[in-house]
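Each in structure tokens, the structures are laid out below.
Two complexes, one shared chain (subunit A), two partners (subunit B, subunit C).
Coming up: the complex of A and B.
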């Protein structure tokens, strides 16, 4: 009797603990991100794949460098209008782009997955030799047919996919270990990335 | 942390000719505009004004007709052994990038102001108030210089963003960003000086003017005996000016010819 009693009381303690543990894990891993991030979709449907595969364009045709070393980032209406100044086909978003944005002179409010905080200086020119997608900095939209969902942190308003400082640092440390000459032993000097 | 002299292959530095400086203050204006320093509420109140670049007036204190003055612009001197760096408890300031510019990461600074106490040149400033720009003036802000909130320390960084621009330009043109030509990168104050009193370049590169000028017998550094090894040199042919650069005893000889 004594032993049996002990057994039930042990099971009685462990079970709620286990349940609580699982519930806490579920809340932490699944619930918190749901609460923290709001989902947003891009203003227009866009396919990188078509531009590249059907029309033979390269990344540089729209996302190019300027002579002064700066990077043009997302193409503006002027760039898109080189081809899309009138609807090419009858996709509703095609018509929407021309009528709502291009003809009214309003730039498309694309959501940028990677915007960095204000105190970060980032130069694309310095990272030219790395492939944007395989190096892990940008989601691989280049070969995708649709744009991924944009997760916005409700508190900070940053995109969930904004590159984190530890990711920058890790790569800088690795590359610098391979090429000490170029980094002179200080790949993660504060002001290489901060302004 | 820097408790010893850190050597760099590139050392950005200035030589400021005090015989040419007229004290016009264009460098101060250029600095404030370039580095997003908000117009002060009361510029005459020196406790609150932020002057990364400050022009001091020197006088030989002689009666007329021997009276003479000089003007001395003072940015952060980017010391080789900066006193401000080892005292910082959070490494918000460090000297670790090629070029030898002493960094200041404002978002990291906790505002303890140890560095201000440590800097022998009063080159650091504390933000007592949040910056406020008059309506419309925020459009003139330099995009690649962060604005600083109340409660952090800031200082001259030799217009570090311009250094980054110059490196990017070199990369795009296929040149080595670690071998910039003279003039590829100059801070706003140097660019703006109407008399050409300030010369900027790599102190270690014999092709840059500053290399030779800094070795002139007329060149000196402020408070040289503190052994902070600044990367900013001053230049004057007037002995009394050189003498005011350090605490010389009355009969002590000063460098120069």
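Coming up: the complex of A and C.
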């Protein structure tokens, strides 16, 4: 009686365990990200590809450095309005930009994939010789026709693409090791990045 | 497989094990940590384009040009303007705190009225103005029943106060005391200016040029330019004053003289100059002056009163004579409360050198044209002695006014013997226009807060000490004011209208526009290429052209070196002989109190901003107790050692402090900082140290009848 009971239980234990294990894996790897992030889309359709390929613009034309060396980030209405002060074509978002934003003087509430957290200093000027996309800091939107979905962490409200500290550290460590003289100022000491 | 308890538990165990192979736990811990960074009460950065806005500082009368740095339209820092002659890229600690003061907890958030229980409760601007109108209407027509105390020495707002008071039948428009008052007793028209930049020997009596006197930041720049690193100095600076303050420390020579005795030393120098054959034929009273000085200010007499050795005095006279362009600056070491004697005595040296209205000398500067009909001439307002008036009211010799209007001033803290001021204010209706909850506001019946200078349009006319007449504007550089404040100029205009007093304007902005328009009556220029001192030395500036208002309201600095009228100056022999100090010793209060002022301690109407607290050293304040300084000989004489508690007692008040031994204080003197001991304001400035104004004692200077207190005396004893 006892043996039998034991035999049954050996077969009966493995299966529920495996089921539980697989269910947890599925939940952890697939379910949680779905739950944790809300998906947002940009307020307007925007194609980098057209701007670059059809109109021969360069990244710098809109994402420039100001005279004081600070990075202007996303262009404001004034910049877009240099070409789009009236609708160019009949795409609904083109009209929406002009009527809803430009003419009313409201800046487009673009979603930024990665702001640096408030507790770090970050100067784009110091990093300008790295290619934004290939250095792995920003998603490669430069040649895309569509802006990627914006995933917002429901808990922290951060964008999913926000850079992690380890990404900064890794680059600082490798670059500083490769050319120690040139990058003497880029070690991983806390005060290099943190306020 | 049946679902029984066992299989359920193994399923759960599998689940737990599986979870360990997913990032869920680590991710949750990480995200929870990040979430704590986003709690709403944690301060956030605001992003946006950075910009600079050029404006003018109103935190003290020096009128420096400031650049307010903004991020996304929000002010974040104040810096000195390089294109502004009064700052030349420099700034003082108080100016550097300007943006922080904007958000200070001591700010008054809107109009308030005092309740029966003594607390202040918010009211609307309409109610507040109606109340002010009603209180003023009650006094209308009664002589001198409304008094204004303004802490703004050089703003056009004083014209509105004076005209409004005129309309009510009152002549009581006063400025807080400063060097201007004494200067006005010597010079009846215009202002005195000092052309530091072109002088090569600067002898300052009392005037703490590099910290708290006149155009302090510009003075520092002139000093710096004359002392290039690694090269010979192009101008020598000598400081005569009680303590080795910033000026005494930086000067090429410091001579310690007790407060109030500076003039004696000046006449001691005059003695040598006159003996050496110097004359002043342009002055009508030269012979009277010569006789008086030579008979009385002999080397022995001067040594007895000042303690300065005769050879040192003779050496100073020799240096002055050897200089090409000597300039003598009169003043008191706290830029207030000095007497006519010291001022006129030091000034007379300039006249012996005939450097009035000459390059590198003293300048008589014109007042800018008045624009408010019915306002009194600025020279008349400057000449009114507030402290004497307040003493008179407190003693019952002068009838008490019904209403006090206090603007950018804190008389219940910063007048000598503030308890006397309190007595003079007690029972009258007190209206405060202060931006901050200062001691006067805390007592006021009605609070009508004015915006900070970062939020309002206002002006600065020729600050005292400047070498040239000038005009610049302060303008709002913030998207919108932070609190429910209203510019006092606009309040005055609207209340005047309600009282049927026509001041001629609808808004304060229009008054300022008229002021700017009136500048064209004087020869002026913008200091974009040529600085005023360069112009004075002969470089030709281009006359100001274009739209004056447009330029000045965007930050241009207007200057003029025009002289107001030909000056026939006197050496002041009569006034000097009448006001000369008695040479009797005071044994009841044997120690001279040398008060010290510094922009690190705030200004006359601003308490130490939190931003400046870290600048105070361990030797200035520890916990709540502040230090007074004395040299080791004085300390020994009174049985005191460093860190001992000491009590300073004057004829009217006393205070407690700790002792700091500092050899840069003259013998038989005790030096104490002004600006401590606030009881109102916010937790950052309140209850730190004690208020030295309580110990300063007012006396009346014979001959001029001016109230003076810079030369107060005390008893000191271990507490």
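Keep in mind that, in the parts below, the second predicted complex is superposed on the first by the 181 of 195 C-alpha atoms of A that agree within 3 Å, B and C clash if a C-alpha of one lies under 4 Å from a C-alpha of the other, contacts with A are read in each partner's own complex, and residues count from 1 in each chain.
Quick note on the criterion: a residue touches a chain if its C-beta (ideal position, glycine included) is under 8 Å from a C-beta of that chain, and two chains touch if they have at least 3 such contacts.
Computed from a prediction, not measured in an experiment: that's the story for all the values here.
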Once the two structures are overlaid on subunit A, check if subunit B and subunit C clash or fit side by side. clash
Touch check for A:192: first (subunit B), second (subunit C), both, or neither? first
For the three-chain arrangement built by superposition, which of subunit B and subunit C touches the greater number of subunit A residues? C
Where does A:158 make contact in the superposed view: on subunit B (first), on subunit C (second), on both, or on neither? second
Which partner does A:27 reach: the first (subunit B), the second (subunit C), both, or neither? second
Contacts for A:182 in the overlay, against subunit B (first) and subunit C (second): which applies, first, second, both or neither? first
Identify the partner contact of A:18: answer first if only subunit B is touched, second if only subunit C is, both if each is, neither if none is. second
Taking the superposition as given, does A:68 touch the first partner, subunit B, the second, subunit C, both, or neither? both
Could you tell me if A:134 is touching subunit B, subunit C, both of them or neither one (first, second, both, neither)? neither
Figure out whether A:125 sits in contact with subunit B (first) or subunit C (second), or with both, or with neither. first
Determine, for the stretches 61-69, 79-87, 151-159 or 223-231 of subunit B, which one clashes with subunit C when the structures are superposed. 61-69
Going through subunit A, the residues touched by subunit B and also by subunit C turn out to be 66, 68, 70, 118-119
Help me check something: in the complex, which residues belonging to subunit B touch subunit A? 8-9, 91, 94, 96-98, 101, 103, 105-108, 144-147, 157, 160-161, 164-165, 167-173, 177-178
In the complex, subunit C touches subunit A at residues 1, 6-8, 10-19, 21-24, 27, 31-32, 34-35, 37-38, 44-45, 47, 49-50
Would you tell me which residues of subunit A are touching subunit C in their complex? 9, 12-13, 15-25, 27-29, 32, 36, 66, 68, 70, 72-73, 76, 115, 117-119, 153, 155-158
Of all residues in subunit A, which touch subunit B in the complex? 65-70, 118-119, 121, 123, 125-126, 128, 182-184, 186, 189-192, 194-195
